[in-house]
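Sharing a structure, written as structure tokens. Questions coming.
Residue numbering begins at 1 within each chain, and the chains themselves are lettered A, B, C and D in the order written.
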């Protein structure tokens, strides 16, 4: 049994700091590094790629909408082809810093509003897939488990890492419970640990309304933008390893199974 | 005898248009494509890379300062490492569009204020060289003929294309005559043609004050941002070819001789 | 009988030029000047305000979404209060250039996607109204004739200028015919002139499906961003004046009738 | 005896936070609010203006270079007129939020690299003065005590508040000791308090090399961008008030004496 732990990193910008990258890097295996559109800047990207390389953590591009003011969390109308080109631009830029750090790009994970939009919108999904494929068909695409983009990417022959959220509740149909629902975010660390171990060992979760559901999880998203978030990363990792589960970068996992 | 003709391209941005890329592409052999910092955007980059590929024109990155408002023509103070990271970012981004267009990046030519600064500032020159080398040591770096960056890049083992300006007068020491000097820009097409042919066949130019000087020219810069600029490109190319000079992309020239 | 002719101006940005402001300024009476969010920059704003002042043309702020890359034509999700603050920011900035040019701000006209969104979305409309009112309750708000924002602004006690589009067809219900409908844009100048005169003298228009409809028009929008657009402005103005209709800035019209 | 205490505020941007405005606002009398060029955004500006108004703190515009990536700390070449227009734009924008918060703009203090440049460059100083004067000749301009811009602004008839830095050492000629000199930044709170009291009560300071110098101080700059900076503000204010010195906003001080 194997799992990857990923976290968003490199979200600082100029004089502005977000995240505790130096801490969380110790517990994760794949880093989604912001590419300067919704967060990050060239110097942050360089530094973060080097940090990941140094810790044996897989370097990923984390492309978002060009919306620093909204941190990529706001929907933005795009004209056909724009999403493809936004993704290509950011993958290319991130790849340069991976190379300069002595490694290469492992994966691509869309960010925020773009991640959500591609989970349910076929057009956006196809543009993302086209971008990744035309850049490097061996790149791993990280997407919401069970989403439209996950299905389409597998059909297109990409390596797909399906992502689950340890601290988020799910509906019985396998979708994330909307944040406005009470109980949609799980704050109890013990519960999070227990759910994570069950999910990885059995492929099952209990939904927000008490039903058992199956969920494919190649990688778990560890949030890093709140102070102390790395402690949850640490505890999740320790719980997994205690169960004999291998925690390893996406590049060493068997995907598309 | 061989020479490359290069031109800045892909300088449009969103609803804004600069240049007549569809015309000038017919007469040049290498395209310096803006990378979204001083000009250009992802969709323009995609389109311009495809246009170059279609015409057999070498695709180059044309990185500048992050200054769309000033078109990269204003000096910007940078902290150590920033120029390296700006260059890496833009090379990477441009490379993605070259790949997606079915080709690969041929060269890098810094733009505007950054080009000028690197011509005479060793620190800036070294950051540019480091960026290119760490991304891909086989990339060709296009720089001002006889400049500091040209010397340092050759010493660093990079392939260097030294650039001359057909419509600009030179001082006797080989530097460009400052634009404020009368006669610094040559508007007479016949004179431009004559100078170009003499330069490529003999390696010599007559300076603004009437002295003969030697100048290395692997590539000639053809300005494309004034309406009708492509006509000068056409006439220069025809004059060269009439003399039996091969006009070909940088990648097929013998450099560092 | 009186009417204002307005046009978007000051849409150039740095090295990029859009519009022929120096021509169209001769035929209009109110200028909607871009405020640096979707187009324009401080130097363009200064120059355009001075140009309007010199021609006795009313100076207006033309605030849009912060989306230079999309020219303010793309929908952008905003969180509550953001539209109000975007509008305040841009009104204030434009006002400074009006003052520096020796005049004062006459009106505010939202741009592009924001204009359209406020025409039908009550929340956006209320934020715009709040911004204008809290900045200066004597400013005139220019909005789509018959729209939600027009109604709400009048209820809020603002001076409202209802806008019609001479070269656009209307549905029988008074809404603009969508651009994808054949015949939605009227290219025949004679037809445009005839419709304009009928509209101002009778308050009536013939809809795209042949029905007569009433439309309130305090100001007509003259497009300026296509080459030669000023010729249509000239012909419209001459047709109106030949009929004895006074063409005058919004500030000298009787509004909210 | 009277003095104003000013601090930079409103430097957060979107999801990014800098400063502890809610704390420091309790101890200062004038707020320099970032205007969206080097820091700040419309929603932060609105919130910060309201916070200042609520605490009876004077609202000021804190315009900088358009350089969010460099926090306005990098020199940027500008073409003639650009500084004037950058200042007008930002003053106007800030003024809108002052109005919307139920107050009006009290002062303007240039930021970072622009502040430093105007301290010694006559052209930049004149552009700033022209911008302030053409917007509102009653605005107070806050500048480095004894600088070129201070002299020129007084000659131009502006109200000038000369600024001193409690935690910075000075050269014997009245200039700030460069940061690279040992001892240029004073970290000992007791020393800072003592210097401040001496300066306000006697107009004298001891220079870094032990000489007594005279310095005009209408306002003291309290840094707010390091965690806990408000504690220094508190201690400085208490020391001043213990000596019977009135701490009050610039608008209530007698300037240009």
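Heads up, the rule we're going with is that a contact is a pair of C-beta atoms (placed from the backbone, for glycine too) under 8 Å apart; a residue touches a chain by one contact, two chains touch by 3 or more.
Please read all numbers here as calculations on a predicted model, not as lab measurements.
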{"item": "Chains contacting each of subunit A and subunit C, listed by label", "value": "B, D"}
{"item": "Shared interface partners, meaning chains that touch subunit C and subunit D", "value": "A, B"}
{"item": "Computed distance of Cα centres, subunit D from subunit A, in Å", "value": "43"}
{"item": "Intercentroid distance (Cα basis), subunit B paired with subunit A, Å", "value": "39"}
{"item": "Sites on subunit D at which at least two other chains make contact", "value": "69-70"}
{"item": "Arrangement of touching chains [line / ring / star / complete / other]", "value": "complete"}
{"item": "Subunit C residues within the subunit A interface of the complex", "value": "66-67, 69-70, 74-79, 113"}
{"item": "Subunit B to subunit A touching residues, read off their complex", "value": "36, 41-43, 45-46, 81-82, 84-86, 88-97, 99-100, 131, 134-136"}
{"item": "Touching residues on subunit D, where the partner in the complex is subunit A", "value": "13-18, 39, 41, 68-71, 73"}
